[in-house]
Every structure is written in structure tokens, then in C-alpha cells.
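Each chain carries a letter (A, B, C and D) given by its place in the written order, and its residues are counted from 1.
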Amino acid sequence: MSDTKTPLLEVQNLTKTFVTQGSGAVFAGKRSFTAVDDVSFAVQPHETLAIVGESGSGKSTMARIAAKLLEPTAGNVLLNGTDMTHAKAKDLAHFRSKVQVVFQDPFSSLNPKHTVERIIMAPLDYQGVKPPKKRRDFVRDLMDRVGLNPDHSQRYPGQFSGGQAQRVGIARALAVGPSLVVCDEAVSALDVSVQAVVINLLKDLQRERDLSYIFIAHDLAVVRHIADTVAVVNKGKIVEHGDRDSIFDAPQHEYTRELLSAVPQINPEWEAARLTRAQTAQKENP
Amino acid sequence: MSRQKRSKNAPRTGSLKTVSIPIKGSTLLDVENLTVTFPTVRGPVDVVKDSSFRIDPGKTLGIVGESGSGKSMTSLAIMGLLPEGGEASGRIRFFGHDLLDRSDREMRRVRGDKIAMIFQDPLSSLNPYYTVGVQIAEAYRAHRGGSKAAAKKVAVDAMRRVKIADPEQRVDHYPHQFSGGMRQRIMIAMALCLEPDLVIADEPTTALDVTVQAQILDLMKELQEETGTGMLFITHDLAVVSEVADEVLVMKGGETMEHGTAEEIFSNPQSSYTTALLDAVPRITDVVGDIKGVSHE
Amino acid sequence: MLFYILKRVAAGAIVLFLITVFTYTVFFVLSPDPAYMICGKTCTPDRIADIHEKLGLDKPFWEQIWIFISGLFVGREYGEGVNAVHCTAPCLGYSFQTSQSVFEMIVQRLPVSATLAVGAAVLWLLAGIGGGLIGAVKKGTWWDRGIMVVALSGISLPNYFVALALQYILVVKLKWLPFPTAVPFADDPLQWFQAYIMPWFVLAFMYAAMYTRLVRANVIDTLGQGFIRTARAKGLDPNIVMGKHALRPALTPALTLFGMDFAALLGGALITETVFGLNGVGKLTADSITQNDQPVIMAVTLLAAALVVVANIVVDLLYSVLDPRVRVKAQ
Amino acid sequence: MSAPASELAGGTRKGALSTLDSGSAPNPVKRVVAALRSTPSVVVSFGWIIFIVVLALAAPLLEQITGISPYAYHENAIDPALGGLPLGQWGGVSAEHWFGVEPGSGRDIFMRIAYGAQVSLTIAVAATIVTTTLGVVFGMLAGFFGGVLDQLVSRLMDFLMAFPALIFMIALLSALPAGNRPLLLVIVLSIFAWPYTARVVRGQTMSLRNGEFVESARASGASPARIAFKEILPNLRGTIIVLSTLSVPQYIGTEAALSFLGVGVIPPTPSWGQMIASSVAWYAVDPMYFVIPGLFLFFTVLSFTVVGDHLQRQLDEGDAA
């Protein structure tokens, strides 16, 4: 079924308009604003598509529509070429078993009243799927794989650090064996050292499990490390879309260039000096 | 506000005015063996341990660290604004005068006038009930006096300096009527309207978008060059530090891991923690392969 | 802004209309026939029918509602011909037990309730805001604990119990005060004061307790805000930090509560007025309940509801003046 | 890749400070109970509540043991010459009548207090159960589904809260036929009080619904009903416990006030508020008659409020309660 020509997930001409209610009650006036404006993109199998933009650019809304957490005002969502835009019940369950989400805030995305085991098992439980082996063992294996101590399966999210909690979120997303994981600012809330570890984990898991990612981020540097293709969004529209190196090395659109030039950088001379030193040191003490 | 070390009955002798008269040959800010302690159920805990550094006029010291490194507590200790229960010991010399010896009343003369502070979240740092003009002007009036009209003029001028368009109109607007970047400009205007000797900026661009961050950083550098103010810049972002700081102090768990000029830290880091942090920073220039994680034990 | 006000008034009118229908249903349709109460023991079916006709109870339900509401604006006649009783607008009903227009009965008693409400409000605002502030500023000290214990007692003590205890101690045992008998202020200011001081205190104690707890919590919450830290970092005097930056955000939300409480008291402090024998709207309500004078009960209920609705609108408008964030939205 | 154990710094969630004072006890319920047990005022309050509950439950037993009925007139305990004042000091306190007797009738105050506790607690607890149930159901429905349903429920709540509740309750109770008074009281209290619970539950549900964990449950394939019951409800547990604990004293106080005004529990069934009402005529000569039911009322309301306040504080402090 998964023909290389058919994208794993495709969205066509998505538009999302939000209606904001006025403050009063009875005859309140209504205003609307368009968060996503006629946007199309596709993710190929085993590929990472990054959607990058500033706050209010509509990137999170795109992610939520692609993960079918939000209904678009117009446009279609296709999984393996099948239109899933208005999928209900069985089709939706199938979609959920193929597409999973990792959220930004590791704490608010984990129910504080549930144990880690219950959280990780939730997708299987909610979809009525039996794990391939004993429940406890299944959870332990997953926790071990994402770098958590399996003995902590009965703990609550509040007892973990931010990086660990995000690993729980990743384990949960992997539980049903999805093909696509939508990562909505999945590493933004983490400290830089933890962020690096989680990015590497995501990349390892992608290789092992043939995953595709839709990676939503505001941090261009992180995107450069993880993406295959990049879509730059501004004010609800994709302003530039292409493979990673062309976006970073030869940006075409004005906004992309502005965004790239705004990213703070460690002084390149100092950086070069440090790397040279590190290399020499390595040669001396192999 | 409970710095037990700073007694309410501290001697008044030679107090208020002398803080502003530099002791000959003294530095702008000279911190020696600063330790900040908080009481907890498991006994006192040092959130800043034995930290020492100095800042010269016109120079910027960047303190960089991850969450829980004690970088913010260092800045609050200098301002004398530690949260309840916090206690600072060591020496914080401002033009030679130890700020830890000053009474709260004397510290008020220093705060805002001599040392100003810019916080991370400009929305919650501004009072929603008052116009930005009133909030900028009140520091001026508290320290310099003068009429409301004169203070308002100061506020308008300050807003113009931080490049807010149409300051005569905008001075009467409320904080929620500004965007995040504009609010941070207002915080900067507020900090600079008294031309302080030292500005402490605690993660001033963390809450902002990257393009706005670039504008704010440029503005801060430009204003610093104009005024020759010393600056303590606190951030978690190594790239930002590399752009703004002359000297860098790396903190972790309250301890100083490394301290040196920016060039030393970035081109020849001595501490393995600094190296690890530098390795972990994702870069937009090129991809050398996997970024490295940092171990935390 | 004008549109906003009109919108609120319209919404308030709808609520009042619904309350009118609801109340009317309860009092004239569901409850025991008021005609029996009016005609007393020597009753004949003819007389009952007569009263029904006079009260308009023989008419269909919605027509009765219409007559009642139109009576508010143009007045109404009870009965026909020589025996007709005219009730001038605004007609809230007619009490056949006292042969008086209900509106007049209420107007006569309103000054007493207003005096009680205003005096108590002044006391409780002073005590509540003061107590809450001291508690918040001296949080964790014995001052704070003492105030909170008093406040906790205030919300736990039934006010009729406080009233009785106070009368017993001050009037019966210590004889510091005479037994309270209300007179108009102009007749005898001292006696007026002596009659009101205890009811003021009793009411104020209960409300002050609630306001102390609220103000303390709000002030503590506000003192933790970022803008307070900014104000301190500017080197402002602690009194300015407190008085200018903390107090306004902390007290503005309490305004809603005050509006409601004050309006409710204007509609009569039932228990306090009864215990102290003050002839206000609350006492009128209590008396009409004892005598089952339904037109009066219905009218005071409506009055109380109207006061709450009006207070709601006034508070919202005031709020939009005091809180700049709401102000902009309302425009 | 660094070692996975590297991030094991414990719960570094709110930075260094909170790590240090949160003992991160494994069971949040145990933590709350431990905190409450170490607070003397809570222990005393809880003791009083247990005492009152036992008194209420044991009332018929006490009647059998002592042989004193709450309705029996004891003419030997009052002085007809003094208009029926109790004989002896302190309102007729004696070995036989522990709290003295009522002036005029000579009924035993202790037994009436015990039976009054039964009435008060039954009404308050029943009303609490009804309002909590209604409040949680309507609050969750409105907060979770939003839209038209929320508009309807919210308007209904606004409408009920715009009512001058006490006056209306009095008017309603006076208009309604006598029937089963305690039941009527529960119904009337519940009609006007559930919106206060519902409003809080609605607000919390709305903010929880927007939390990412609800969204991730949807992404996991959970149905709305499962999200409501399995994801949101557990997070409302603490709030519901606090709200109901604080409802009980309110309803005890309201029932007493209504009975005081003569529209609540109808004599001869005893009720604390009603006892105070009948003491008004005697307060100058027999203060014990109003002091005893007054203090019982005070201590009971106070105890529930203290326990509720502390539960609330625990809930605010710990994220998991």
C-alpha cells in the first residue's frame, strides 16, 4: 500500500478560521481570524518535515489539524492517499493508530493523576488494542527504550524531571506503533543539554522504527538538526518550502532570510578555534 | 523581602549619599564569595555557592546556566530582592560600598536609580492597572522628584530612545495594548530613564520571538554604548551570551563552573561542563552529525 | 459603551421578567389560595369568588402576569365600581390585610434598611480591608493569626446568636446601652445611634469576616506578582508599592462582591432587623411571612431580585472603569 | 547519547527550591492526611465533628438509657411562680438535665440538642450530596462540551444566582404546604446552592479541557466520555472534596437561620436554629437557653470550615492531592 509516490500524510488547501466571541453575553458581536490560510504539505515515509515559524504564525494549528485534533474550516487531510478529513469511529481509530502526537509541555501533557504505566498504555487502552506481550513487560520495554528506568513505572509525572517527562510522552506516542509522530514544539521547553539528548533519541527511534515526523518548532537551529524538508510559515501561510539545505543555505523568501539572520550565533571564530583545539587534543590522547 | 543580614537598624552614618560617591579605585560591581541560602525542611540549602565576579563600566558580564543553576538568585541578591527566607552572605561591593551592609531604606536609593533591572516576562512585570507612562515616570519621580508633567516628559523621551513610535500617544496606553517586544522596550525604557550605572537583565529576550529578540539585543547594545552602563546579562542561551557578553560566568547547581572572557570561554573552555554545554547547542550553520548530550551527575 | 450598557439593561430586564413569572407562579398558583387568608374564618364560596375576581385570580395565567407587570407602570384597579381599590403606579400589589399599597409599605421602610446597610457597610469595609491588609503584610505573625481566628469566628457565628449575646451583655448585664428603640435621626440623634450601633456591628462582623479573608488572600496573591517585584526593583517606597501597586489589583475584584452584598442588604436584613426590632424592609418581609400576606412577600422578593440585578450592572460598569483591561474590551 | 540515568535529579520540576521541600511522598492522599494530622486546629475540629456525628447517631440510644424524651415536659424542673423559669442555677443544669431545661416547657435541652444535631446534619449532608452531584454534573457538562450547552447551563446558573436566595427560600418555604419539612429544606437549599459548586467545577473543567493531557488523550483515541471520566474527573477530586466540606457548614447555618425565622424545621421536632428562635423571649432571664444551641451551632460550623480551609490549602500547595 505504501507506494513511495503516495505520501504518508498529506494536507491539501487547509484553512482554519477561528471565531472569537465578544465579551458580553446576549448580543455579543463576533469576529473571526484566519489562523491557517490555504496551506498544503506532505510527509513522505521515513521523512521529517519541519514546520517552522514564530508565535502566532499558525504552525501549531497546522499540526493539530494534521493530527486530527482540530477540524479544518476547509481543505483535506489524507493518510496514505485516503481522505480522512471527516473520518469517524473506525476510520478515526485507524488514523489514531498510525498518527501520534508529542506535545510541548511535558507536564501539562501528562495527566498528573495517572501513573506512568497508565499514561503509556493509554493509547492501547483507549483504542481497545491488546499489547503484544504482558502489560507490565510491554511498558518496561518501552520505558527502557526511551531511556527511562523501568522500575519507575508506578510513579506519577510530578516525580520526574522535564526531560524524563518528555520521554514518557514519547513512549506513549510509540505504544501503538505509529508511522507518523507529530512533535509540537516537543523540545522547546527543555534545557539545552536535555534538548540535545531528546533530539538524538527522536532520531534514533526514527531509524529503528521507520518513523516519519512532522516537527513543529520555532527554533531554526533545532530544525536544522532534525529535518529533511522544511516549511517556513508566517501569518498562516507557507512562505517557503523545500529541502533542508536549500532553505538554510539558499533561502529564497525575504521572511526566511530575516528569520535566519535573527538567530543568535556563537562567534564563528571562537567556535572554529575551539573545534581545532578539540581535534588536536583528540589526536594527542587517542 | 527578608534579608536578615541587612538589619533594619543599620547605622545611618555616611549612608545614603555615600553609596553614590565611588570609593577611589573601586570597581562598578565587585562580588566576592556570594552565597545565597534558603531554609528548607531538610535544612538550609545554598542555591548560590561562593560566587565571585566583577563588572566594569560599559562592560557586560553574561551569567549562563540551565534551570536551577542559581543565576537568577545571583541577580536578586545584588538587588536585595531575594524571595522570602533567602539570605545572602559574602561581599557585594558597588563602587566599593558593600550592599549587603545597607539597610533596606538605603537599598531603595540604589534600586532603580543606580542599579536597574529588566525581567524575563514583560507582561507580568508591568502593572495592568497603570499606563506605561506612569510606570516609567514613577521611578524617576521617586528618585529625582519633580512634577508629574516633567516626569511624563521623561517617560516620553525614554520611550523615544527605545524606538517606540509615536511616544506622545503611546505613553498613555496600558501594558496589554502593546505587543511582547514593545513591552520589553518599555521595561528597558523604565530601566534606563534614570541612567543607572548598572543594568541587570534577567533572561530579557527568552519570552520573545527570534526576530524580536534580535531587535531587542541590538537596542540594548546600542543604548549601552551610548550610556556606558555596566550590564549583568543572565540567560540560558549560549549563543545570546556570545553575542552580548564581554565576560562569561558559567553556573550549574549554584556553583561557578567557569569564569573568563567570552573569547576564552567559547574558544578554549576549561571545564568539561562548559564543553558539554557548547556541544549540546544546536547550530544553524552546518550539521556535524549528532549533537552531544550532557551528562548531569 | 452606550451599546454595552443597553445590552446589560436588556439582559437584566429579561432576568427580572423571568423572576416575576417564577415568583408569581409560586405565590399565586402553587401555594394555598390567598383568598382564604384574606376573607378569614367567616367565608362563603361567594365571597371567595368575589375576592378571586378582585385579585384577578379568575383570569388566565398570562393575563394575570400582564396585569401585574402593567400595574408597575400604569397602576391597576382591584375590583370594580364603588368597592374598587386603586393602586397607583408603580403598583407592586395591594395588601388587603393592611389595606395599603405594597409600594408605599416598602417606601416607608426603606430608609431604615438603607441606614442599616450604609452604616454596616462602612464598618465592614474599614474592618475587612484593614484586617485583610494587616493579615497579608504581617503574614504568619501573631497579628495575622489573631485576625484570621476572629475572621473565622465571624463567618461561623450565626448573626442572630451574636445579636442575642450582644444584647444580653451590653443591655441586660452591663446596662451600657438602653434597649434599642429606633427613632428618626432628627428627633434624637443619641437614641438613633444607640438603636443602630448594635445592628451595625452584628451585620458588619459577619461581612467583615468574609472580606478580611478575601482581601488577605487577594493581597497575598498580588504581592507575588511580577509587577510588584518590578516596583521594588525601581526603589519605590514600600508604602507606595503596597498602596499603589498592590492594593488596586487586590481590591478591584472585591468590588463585585461588595455590590452584591450591599444590594442584598438594601432589600432587607431579615434576621438582624427582626432581632433588633428595626422596622425595615427585612422586618416587613418577616412579618408578611408570619401573616402570609402574599402580595407583600412577592413584592419584596421582586425588589430584592431587582436590586441584585441593578447592582450587577452597576458593578460591571464600575469594573470597566476601574480595570483598564476590561475597559478596552467594553468599548 | 548520555546515560539515561543522567537526568535523575529527582523532581526538578519547579527548579531547585521546590525539590528540596517536597518530600515527594509516594501517595498524595497520605501526604495530605499527614499534613492535616500535624495541625492541631484540624485535629480538634475533626474531633468535634466526630463528637457531633456520634451524638446525632446515639440520640435514640441516649433517650433509652436516660429515659428522657426530647419532647417530654418536665414541670418539676421549672418554677411556675417565675413564669416557668428553670429551677436552679445555669438554666437548670443538673445531674438529670445536663444542659438544663427549656423555660416554660421544661423539656430537656441536652436531648433536644442531640436530636437537633440529627436534623441539622441530615439536612446539611443530604443537601451537600445533592448540590455536589448536580454541581459536578452540570459544571462538567457545561465546561467540557461548551457551546450551546454551556450557554444554557450558564444562563440558568446566572438566573439562580441573581435570586435573593435567602429571601426567596423563606418566601418559598412559607408558601409551600408543610409536608415533609426536612425534605423540602433539602430541595430548596439545593435549588439555590448547586450553581456555586457548578461554577467552580465548570471553570476547572474548562481549564483542564484546554490542558495538553486532554488533547493527548484525544490523540490517543479516547472518546469524549472517557476523557471526561478518566482524564478530567480524577483531577477534580480535590476540588470536589473541598467544595463539599465547605458546603456542609453553609447548609447547617442556612438551615438554622431558616428554622430561626420559623420557616424551617417545624416544632416540636427540635432544631438548633429553632431553639435559638424560641429563646429570644427568654434571653434576658435565661441566657443559657440561647448560649447552648448557639455554641453547638458555632463549633460545628467552625469545625467544618477549619477542616475545609486546610484541605483547600493542601490542595493549593501540592499539585497532586
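In the analysis below, a residue touches a chain if its C-beta (ideal position, glycine included) is under 8 Å from a C-beta of that chain, and two chains touch if they have at least 3 such contacts.
In this text, all values refer to a predicted model and were calculated from it rather than measured experimentally.
**Q** Quickly list, by label, the chains bordering both chain B and chain D.
**A** Touching chain B as well as chain D, we find A, C.
**Q** Any chance you could check whether B-C or A-D wins on number of contacting C-beta pairs?
**A** A-D
**Q** Which chain is most remote from chain C in terms of Cα centres?
**A** Ranked by distance of C-alpha centres from chain C, the top chain is A.
**Q** Cα centroid separation between chain B and chain C, in whole Å?
**A** The mean C-alpha positions of chain B and chain C differ by 52 Å.
**Q** If you average the CA atoms of chain A and of chain D, how far apart do the two points sit, in angstrom?
**A** Computed from C-alpha means, the inter-chain centre distance equals 47 Å.
**Q** In whole angstrom, how far does the Cα centroid of chain A sit from the Cα centroid of chain B?
**A** About 34 Å, centre to centre.
**Q** Could you please state the distance in Å, as a whole number, between where the Cα atoms of chain A are centred and where those of chain C are centred?
**A** Each chain's C-alpha centroid was found; their separation is 56 Å.
**Q** Residues of chain D that touch two or more other chains: which are they?
**A** In chain D, 1-2, 5-7, 9, 12 touch at least two other chains.
**Q** Which parts of chain A, given as residue numbers and ranges, touch two or more other chains?
**A** Those would be 25, 162, 194, 197, 200.
**Q** Where does chain C touch two or more other chains at once, residue-wise?
**A** Chain C, residues with two or more chain partners: not present.
**Q** Spell out the residues on chain A that touch chain D in their complex, using ranges where they run on.
**A** Those in contact with chain D are residues 25, 64, 67, 69, 92-93, 96-97, 99-101, 103-105, 107-114, 122-123, 126-127, 147-149, 156, 158-164, 169, 172, 176, 194, 197, 200-201, 204.
**Q** State the interface residues of chain A toward chain B in the complex, per the touch definition above.
**A** Those in contact with chain B are residues 54-55, 162, 191-197, 199-200, 203, 218-222, 224-225, 248, 258-271, 273-274, 277-278.
**Q** Which of the residues in chain C come into contact with chain D in the complex?
**A** 15, 18-19, 23, 26-27, 30-32, 152-153, 155-158, 160-161, 164-165, 167-168, 172, 264, 267-268, 270-271, 274-275, 285-286, 289-290, 292, 294, 297-298, 300-301, 304-305, 307-309, 312
**Q** Show which residues of chain B lie in contact with chain A when the two form their complex.
**A** Listed in rising order, the residues are 66-67, 209-211, 213-214, 217, 236-240, 242-243, 262-263, 266-269, 275-285, 287, 290-294, 296.
**Q** Which of the residues in chain B end up touching chain C in this complex?
**A** Interface residues on chain B, with respect to chain C: 1, 79, 81, 107-113, 116-117, 119, 121, 124-131, 135, 138-139, 142-143, 174, 176-177, 187, 190.
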